[in-house]
Amino acid sequence: MSNSTFLYIVEIIGTFAFAISGIRMAARKRFDLFGAYVVGLATAIGGGTLRDLLLDVTPFWMGDSIYLIVTGVALLLVIMFRKHLLRFENTFLIFDTIGLALFVVVGIQKSLTLDYPIWIAIIMGTLTGAFGGIIRDILVNEEPLIFRKDIYASACIFGGIVYWISYSLGVNDIVTQILAAAGVIFTRIAAVRFKWTLPTLKSEEEQ
Amino acid sequence: MSNSTFLYIVEIIGTFAFAISGIRMAARKRFDLFGAYVVGLATAIGGGTLRDLLLDVTPFWMGDSIYLIVTGVALLLVIMFRKHLLRFENTFLIFDTIGLALFVVVGIQKSLTLDYPIWIAIIMGTLTGAFGGIIRDILVNEEPLIFRKDIYASACIFGGIVYWISYSLGVNDIVTQILAAAGVIFTRIAAVRFKWTLPTLKSEEEQ
Amino acid sequence: MSNSTFLYIVEIIGTFAFAISGIRMAARKRFDLFGAYVVGLATAIGGGTLRDLLLDVTPFWMGDSIYLIVTGVALLLVIMFRKHLLRFENTFLIFDTIGLALFVVVGIQKSLTLDYPIWIAIIMGTLTGAFGGIIRDILVNEEPLIFRKDIYASACIFGGIVYWISYSLGVNDIVTQILAAAGVIFTRIAAVRFKWTLPTLKSEEEQ
């Protein structure tokens, strides 16, 4: 199996995990099937779409219908196995984290290929990974979880910095990608495991 | 009257109906005049603007100030005839549905002209028709109605599929457009008349 | 000091003031540090980013990391001087208003340079000034303040009209920019001082 086939498969897994997270949120809000599909799709492709609009390239999903199909499969599975989903919470977390890591690496790679500087690439990697969840929360009219709950986006930024360091040291491309992805995965899993959170801002009235 | 003049007039009617829907929602939230104008405009042009950003062409309203003017007229009419609007609910529904049908057809046509495949065209047609209402609901901080209430967006997709079939069978362009628009209108009106809805997703805790 | 250095400094001040407003709103919602940074950044660069996407040019902040740095400094200052911020309310208002005025002028100039007509330029100026605040309110899941509270966006439009008149009369560029900025600042400050508001739309049920 070639490297790009491997990346493609991991990307599909990530899309699937992100779509599931959007569809489950929509189910909690009792959206209809169409609404659930749209929220799932927006969660899965929202980050990459904003990235591609900012980079002024054709949004990635407009060249391959697999992302729409995977979201449809995710919807079917949520409908069929609704009551058993909670049991797979850990599996979803792992899929979601692998997907996140790959989305970050894809976002960085794509920006560097287009000759943007590394700090733009890190922002684009973070957007690719984290913006889908923000769109999901806006669509279901909730405060974006990402701004309060855990260090999801910080994991993206940490992975980006690992990429930067490895890249600056002239390390081989594939190794750099693996290190950056490992950085995202490690930070995310450790944050969930050890309940790491970022400090909260206090409002001006508090002591 | 030529075919394109006819389409232009129908598009203006659709813009007007969409703007009215945004302005009335803003009035329910007691927005000020400016807020109401912005929500009306975003409802009317939001879908086409996202479509054009994704297709990487200049947003359609940047070439013709008629859309801004029509929104202004809609605002004036809502202010003047506020108490009589409820009586015209059915008229609005018809305008809105005709506008929706045309927006879908315009979105599909524009994508095909730019050599996108038909599945992208159907998505773009649906976005053109349905995304303005999503933006409206986000701006007034409500859960998007479209995700729960009726088969609004499904009507767009159904019209798109009619277009696809007719197009695949090599039917003449004008006839294809009319069939697709009729598909949208029929589905939408029938859905309202017979209270068709899509099934709702159940949350994981429910029996 | 050259004119463009002066404009650059004023733009940084505006970015800083907009970032502060986003970060304070995030603090009221008890977002974490990352959330506060993102809301601050989105408030500061959101309007210009939408403008640049619509004009199909590279978003301005992708060419200069100063906007990210200024937002970071704003976050640090809010953390350090949290309890003293309320005392500087008037200073923030002045910074915010100067920033707003400049954002409007920058948006107009950029559009005219790209050969768009003046009515598009006024819309782009208003978007540059006012859209960041809308994004801020969507991210913290509040109804956009701008639609109800004061004549913030109207000040942008008024400044745009001053620009238009001055420009049509063939007045020198620098003078036109100063007049337009003065129009924004005067309207905004007068609106706050004299509690000017726009009329609210009544809903259809009210008498």
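Labels for the chains are A, B and C, by order of writing; each one numbers its residues from 1.
Note that in this section contacts are C-beta pairs under 8 Å (C-beta built on N, C-alpha and C of every residue); 3 or more make two chains touch, one makes a residue touch a chain.
This one's a predicted model, so the numbers in the text were calculated from it and none came from an experiment.
Common neighbours of subunit B and subunit C, by the contact definition above: A. Comparing the residue numbers each copy contributes, subunit A and subunit B share less than half of them at their mutual interface.
Subunit A and subunit B have Cα centroids separated by 30 Å. Within subunit A, residues 53, 56, 138, 141 each touch two or more of the remaining chains. Touching subunit C in their complex are the following residues of subunit A: 53-54, 56, 116, 119-120, 123, 134, 138, 141-144, 146-148, 151, 153-154, 197-204. Here subunit B touches subunit C in the complex through residues 23-24, 26-36, 38-39, 49, 53, 56, 58-59, 62, 65, 68, 78-79, 82-83, 85-86, 138-141, going by the rule given at the top.
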